């Protein structure tokens, strides 16, 4: 469906994207996850046609679109700052892609109404973008993207300008919408929770390269290297140097007890954080800190001694370069 | 196009001036050129300092008003916007020692005005020209400094108040340093304009009486277009250009610093 | 009722609060008095113009000087010249400058170039006009464009062009790139995005830039003085100036011409008020 092969993009001497290959099936939701500057936005902009790759090809529905103009690609994009046209009403904004395509006015109006109703914007059609709240602008941008049923959606951190509660709400909304439309979607974010909840498959990126491209479950349970291991999951995976290998343990796989037990090591309570549904406990063993996820109500005093233990079958092993050692 | 109108004339005038080397040597012995230069510098410095202080005071004053700021700001800008020629004509009407409204009003208030000759007196002409410039261009300083004042975020000022600073200390320690880039910019822009002052003096005094208000621009004009000595005029233009370039480097740096 | 001490204090405080307003009113008076005086002279009968004591108000108003200056006199022709000149040079500067500014704002330029172009543009603006006037005069004389509106229009266009490029570049840079990109993804070509999305967004800036060009061309004196020495090609400022330097000055007609000359500028300035600071500081202060 969408096939990216060996894409490279350089800005001056710096390689923003290095020989990335990636494919998405029809209707798939792919998230490009990585810290800012990792190249995921650049990769997306090349798919959109806003940047031209130095090497490699991009194919959409079997056609090579690598060097096509953005407008000939039939791809819609939702920008981080929404990029609504400030001088047009919401109705004009949403209808714009159809107007450019010279559809009859009556059809445009009907489509706009339909899409606006779907996204709960019906009452705001006559307003200008600046009169809308952040969440409403977000939905307007989304409406403008879906109105023409493009071959692919691109979303560049579309939720990052919303407050926390709205973000979770829109996240669910977005996921359902994509399920309904069944249009292949490429989504850029640095928020691992968004990636986990939205994606069919996640491509974790760093320094212009894809570190791992797999389902959320696999990325979480079998990270291919320490970067992926630490980037996905919150709180982060514990990494402990031991005998030339790096042990990785997720906080939920750390067990604490107040008394000495077989196979457990002692440590001191550094801090405990009550989350309501669970408690995050940070234990210091002198040289490093280990984070543990405990049931709600677990109580430990500052500086008291505890014994920690890793669930044996849940320990990931990485070599000194950070790559996963096969089990 | 840009080339034709900026670079080419310069090259042309180099050729013009260099055609006769005496054009440059004459510069150093020309009394009138010296007088014009000194007067230009004097006019620039005094007008600039008065305009700056007045403009800053006005900006602070209007900024402190609770109401009517928009009205005052607009009204105060008018002198600067007028065609300089029109402004100068108005001031000729005002300055005239016998019929002018200035002396007329002063006499009415009981002042003795017989020796208040303004632009027609040898000793008072330059000061009178400076006064007109102050009237016309203080608004410019006012406008830029006002904008600068408004661009200062309120937080540092509030922090200083919480820290216990009085009004004067806040002004000196917070407002002024934060305003500095704007001040530098405004002063430099104004300097460039003052150095090339022409229109007002041309209408008000034509450089007279005698040479009391002769400036470099005026002298170049006269040399070229009254005495048709284009070579010498070009040579003098270079001195003026060099001085301006010196200033404009500072100006560009100030603009980039913002 | 006797005032308490607190009452007196309160009254004094109120009076003190008025002081800044009085100062501001005084400043406005000083700023406007000369303009007002010019206006009264243009409306007074000749016998009243220099009467003692000066008549600020309550004189007999007449429009004869306006009739004198514009119906019979040559000021009407100067006025027309000025209007034509301002309009043509502004349009020309915009036609060339706006696309150039867009190019500068949107396409990547090597960093060094960027500075140089900027400096160059600003430098041409800072050049004292008297420095370029001698060669310009000789060039135009050679091209037989002296004393013609065409010659002056070319000079003004060149004069305003750097300013247009500089200002419009700033305005273009303020339009988020994403908006243009969104338009291209929505199906516009680059030209279409520029025409239908970007230009409407920079319209206020474009209007302000045009106003600045108009005012500069309208107020300009030195070039006009030197490059047009015949009656037929004179602009309004030159026309006024040529009357001042005559022996017998017709103050009424001249004041009338002066008042007419300043009206367009004031109207324009009011229209572009929001961008005044920005234009006057060559874009350095975004007021």
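Every chain is named by a letter (A, B and C) in the order it is written, and numbering of its residues begins at 1.
Just so it is clear, a contact is a pair of C-beta atoms (placed from the backbone, for glycine too) under 8 Å apart; a residue touches a chain by one contact, two chains touch by 3 or more.
The structure displayed is predicted, hence computed values, not measured ones.
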Subject >> Taking each chain's C-alpha mean as its centre, the one farthest from subunit A >> reply: B
Original post:
Just by CA atoms, which chain is the most central one?
Top reply: C
Subject >> Top chain pair, ranked by how many C-beta pairs fall in contact >> reply: B-C
Subject >> Between subunit C and subunit B, distance of the C-alpha-averaged centres to the nearest whole Å >> reply: 17
**OP:** Please work out the Cα centroid separation of subunit A and subunit B, and write it as a whole number of Å.
**Re:** 59
Subject >> Separation of mean Cα positions, subunit C and subunit A [Å, integer] >> reply: 53
Original post:
Got the subunit B residues that touch at least 2 other chains?
Top reply: none
**OP:** Could you please specify the touching residues of subunit C with respect to subunit B in the complex?
**Re:** 20-21, 23-24, 27-28, 30-32, 34-35, 37-38, 41, 49-50, 52-54, 96, 119-124, 126-139, 154-155, 157-159, 161-162, 215, 218-219, 221-222, 225-226, 236-237, 240-241, 244-245, 251, 254-255, 258-259, 261-262, 265-266, 269-270, 273, 276-277, 280-282, 284-285, 287
Subject >> subunit B residues touching subunit C - in the complex, by the definition given at the top >> reply: 1-2, 4-6, 8-10, 12-13, 16, 58, 61-62, 64-65, 68, 72, 74-79, 81-94, 96, 98-99, 101, 104-105, 107-108, 135, 139-140, 143-144, 147-148, 150-151, 182, 185-186, 189, 192, 195-196, 198-199, 202-203, 206, 216-217, 220-221, 224-225, 230, 233-234, 237-238, 240-241, 244-245, 247-248, 251-252, 254-255, 258
Subject >> Complex interface listing, subunit C residues touching subunit A >> reply: 176, 178-179, 181-189, 192, 197, 200-201
**OP:** Flag every residue of subunit A that touches subunit C in the complex, lowest number first.
**Re:** 48-50, 69-71, 73, 75-77, 79-81, 83-87, 96-97, 100-101, 144
